[in-house]
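What follows is a set of structures for review.
Two complexes, one shared chain (chain A), two partners (chain B, chain C).
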Partner chain A sequence: MGTILSTRAVSKRFGDVIALDDVSLEIREGEFFTIVGPSGSGKSTLLRILAGLETPAAGRVRLRDTDITDVPANRRPTCMVFQNLALFSHRTVGENIEFSQKMKGVPPHERREHALDMMRIVRLPESYYGRRVTHCSGGEQQRVALARALASDPEILFFDEPLSSIDYRLRKILEVEMKDLHRRTGKTFVYITHSLEEAMVMSDRIAIMKAGRIVQTGTPTDIYYRPANRFVAEFMGEVNVFELANGQIAELGIAAPTGATGYLAVRPEFLRKLNDGERADVRFPATVANDYMLGSRTHYHLDTGKRILVAEVAAGQAAEIIVGAKAEWGFDLSDAALLDE
Partner chain B sequence: MNGRAKSLFDSLQAAWLLLVLALLYIPMISVALASLSNTRYMLFPHRTWTTDAYADALASYTTGTLHLTSFRIAVLVMVLSVVLASFGALAFARFDWRGRRAFQRFLLLPLFFPQPVLGLALLVYFTALGITPSWQTAAFAHLVWIVPVVTLVISIRLYNYDVMQEDAAFDLGATRLQVLREVTLPALAPGIVSGALFAFLLSWSNLPLSVFTSGADTTLPEWLYSRTATNYSPMVPAIAVIATAVSALVVGAAAVGLSLARGRGGAKTAA
Partner chain C sequence: MRRPNPGILTMLPVLVFLLAGFVIPILVVALYSLMPPRTFDLAGSPTFTNYATAFAEGYWRPLMWSALGAAATTLICLVLAWPTARVLAHLAGRWATLVTLLIALPIFISESVRLFGLALFMMPGGGILAGSIDALFGVSIGTILYTRLAALLGLVYIHFPFVLFPLLLGVSLIPKDQVEAARDLGASGWQVFREIEAPLAAPGAAVGALLCFVLSLGANAEMNILGGQAVTVITNAIEQRFNYAQDWPLGAALTVLTVLLTAAVVFPVLKRIDVDRLARR
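Now for the complex of A and B:
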């Protein structure tokens, strides 16, 4: 898979605020690439620069081998699905979807055929063609926005948190549909979100942004199990982070792996209650302070006397863990990640 | 019992509405009735009912000149204020610039200023600049007062306008001109129509600004005012009735034009 879209040392500032600071990234042909970051991390600005709706103060944007930094959005083979969808509110579903073709001067009957094709792809019933977009539900508007973007036949589709204002159940359905749509169209999808869950479910690769910089790029598995630093580890879900000082795992008073400095990060699912005689690289006594039932799994808060740790146990194995009981807990170093910062 | 109480309430409500309408229209009907007399004093009932006043008004050169002057001012004010107000309203809707809120307040300030004082101030200003007052300076004076009103009217219609639609259209391959024609103008259109009507009617009926700033040219309200105060004849109410008919025609034409435009839009949607 070759690179379809890349940036080199892109920077952007708004007044005194640095939105993007020396951002370089490569997006591969046909992949589902997600940029994740907290609000204010610069991800929306980056997407608008990739789409051509904003120009960078410094740095270049390339589409394959062509420099497109100065090519405006209306002449790029890309299309964006906006956060608020930005549907043309005074028009019908059909008119929205046909907009890009109308601008190109495609005759009405051809536009209509094309629009109906797009509606089939996003699974909108044909009867919606003449309906006003303001009379569609949130999920239907979402599909109209998708169909409108697809109708311009872009090589790359950008998504600016389109699911952020949608309720949980519908969002789960649309996430699955989005991934399915990506597979069926074979187009490159570039998606931004502040939700780790959304990113993990849909993406081939994820880039994590913080304060205008990309902190780490990798597959969801890479980023989840081998985070580059504490920020990524903590951003990507529950994690237990131990500081390493003077050759010891601080707070546990246990010898650290030789030569290791910085931090040790362990995901909750790797903390386990030890049976008699069971061995673990790191072991410590703890009291179960609380339990949090999450359906297929349960989270336990463990009190070691110095701090609270989080352990995750699959539903079937939770029987012998009792709130208030003291026991030996532990984890293996092969399941932990060493972080420099 | 309940049904009877309801029907009593309904008839009371209808009576109230009729009363409100009557109070609104009685003065205008009185003017129309006054125009059908031939005396220099308002007496009622008339000794003779006649349309002589209308014949005189239509024969008089003044009638045409008055209407033409007021019409020219009103049309000029309408066109300029709609253009200026549209840009102003868009600047409020689209950009979040520093001093935006303060500017919005300052823009509306002339509305609070007593119009005769504003007219006098503008006259002093024109004189200082060596400009001879005429219908053009009156139009300028009207603009000072009317542009804020029209900006307000158009802004209200743009309140729910999502400027992201312009980005979306541009991203979908539209040129800047196509964005303007396909997205911005359709969103502005209802505000522009109501703003234009406001501008025309406010200028057409304005007296306090015109009195000070129109110089040798006389507008309809100015003439009506001076002839009511001195030298009254039934020609005064007659011309008032004619002027009302003219402005009603303008509003009616605008309404017809608007529904035609809507009809065309509707036909396009159905096709």
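Now for the complex of A and C:
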């Protein structure tokens, strides 16, 4: 798969605030690429630069082999689904979806056919064609926005946190639909969110941003199990981070992997209760302080006397773990990630 | 005992005011327009003679000049106010306040004073503009004072704020992201204006245009002070009928015709504006 969109050393500042600091990335043809980061990390600015709604102060943006840094949004083969959707409130569903084709001068009956096709793709009933967008529910508006973006037949679709204001249940449904839509259309999706969960569910690859820089890029698995640093590890869900000092895991008083300094990150699912005689690279006694049922799995808070750790156990194996009981717990170093910072 | 509806009670002062200050006078005027020419009481037998006279004696001409002047003023004000409103809507904080003040402050000065000021400015020979240019560069220029153009300039100058401020409200109702979305979907600058900005700002523009049209239609100070004898507008004609000619019924008939013309323009527009959308802001 070749690169469809890339940036080289893109920077942008607003007054004294540095929004983007030397950002380079490559997005591949047909992939679902998600940029994740906390608010203020610069992800929206990056997306707006990719879409042509903002120009970078320095650096270049390329679409395949063409430099498009100075090409405005209306002349880029890309389309954005905005955070609050930006549907044309004075127009009907049909008029919204047909907008890009109307701008190109496509005759009305052809536009209508095309719009109805798009509505089928996003599963909007045909009867919505003449309805005012302001009379549609949140989920329906979402679909109208998607259909409108698809109708312009873009090579790349940008999404600026379109699901952020939608309630949990509907969001889950739309996440799945979005991923299906990506598969069916085969277009390149570039998605922005501050939600790790959303990113993990939908993406082929994820870029993590912090303070205007990309900290790590990789598949969800890569990023989850092999985080580049402590920030990524903690941003991507529950994790136990141990500080390594003087050749020891300080908080456990146990010898560290040879010569290592920095941090050791262990996901909760790799902490396990040890049976008699069972070996583990790192082992320590702990009391089960509390349990949190999460459906298919349970989280336990373990009190080592110095700190609280989180362990995750699949539902079938939880029977033998009792709150208040003291036991030996441990993990293997092959399951832990060694972090420099 | 049933208590009166509180809504009606609170409306009462306004109702009384409108009745005494608007409805009754206009009914009296309408009645006068049906009285025999040059009579001064309301007891005569009703006749349409005055309306026939109005058309026969060519009073459609000043009415037309008034309507044309009002329409031209409205159009020019809209064209000027659109970019101004856009700039003001996007200007943040102190600058917006300053520019708004600069435009709004003259409203607090009497219209006649401002118009005489403008006349002094345009005066030939020793006028502010001509005199300064003559003194500085030794060039003598003519003047547009006492022409239709000068009157139109005065009309635009006086009524510009009445278009600008409602339009500003309308423009600030245009969501920025809808404009961006339109651009992103391939719309050119002109297409964004036609498809998104104009329809969304339309209520504000319509309110401003109506204010401007109605006020300009009834204006006569601009004509008298800046236009001189260049053009007679309907308000001058009405004033002459009532004052110099002492023909109240004809004056009343002309008034009714002007009111009807105004209504014919105002009501269709008002019907289409969603005033609530503006007020909710």
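Everything below uses one rule, namely that the second predicted complex is superposed on the first by the 341 of 341 C-alpha atoms of A that agree within 3 Å, B and C clash if a C-alpha of one lies under 4 Å from a C-alpha of the other, contacts with A are read in each partner's own complex, and residues count from 1 in each chain.
The definition used in the following text is that a residue touches a chain if its C-beta (ideal position, glycine included) is under 8 Å from a C-beta of that chain, and two chains touch if they have at least 3 such contacts.
Just so we're clear, the structure is a prediction, and the values are computed from it rather than from any experiment.
Clashing of chain B with chain C is the outcome of superposition onto chain A. In the superposition on chain A, A:Ala51 contacts both chain B and chain C.
In the superposed model, A:Thr92 lies in contact with chain B only, and not with chain C. Of the two partner chains placed by the overlay, neither chain B nor chain C lies in contact with A:Thr217.
Within the superposed three-chain model, A:Arg148 lies in touch with chain B and with chain C [touch as defined at top]. In the superposed model, A:Thr34 makes contact with neither chain B nor chain C. Judged by the touch definition given at the top, the superposed model places A:Pro108 against chain B, while chain C stays out of reach.
Legend: residue contacts after superposition of the two complexes on their common chain; A:Met80 is shown touching both chain B and chain C.
Within chain A, the residues touched by chain B in the first complex and by chain C in the second are 51-53, 72-75, 78-80, 82, 84, 86-90, 99-100, 103-104, 148, 152. On the side of chain A, the complex with chain C involves touching residues 51-53, 72-75, 78-80, 82-84, 86-90, 99-100, 102-104, 148, 152.
Chain C makes touch with chain A in their complex at residues 175, 177-178, 180-188, 191, 195-196, 199-200.
Contact residues on chain B toward chain A in their complex (touch as defined above): 162, 164-165, 167-175, 178, 182-183, 186-187, 269-271. In the complex of the two chains, the chain A residues touching chain B come out as 51-53, 72-75, 78-80, 82, 84, 86-92, 95, 99-100, 103-104, 108, 130, 148-149, 152.
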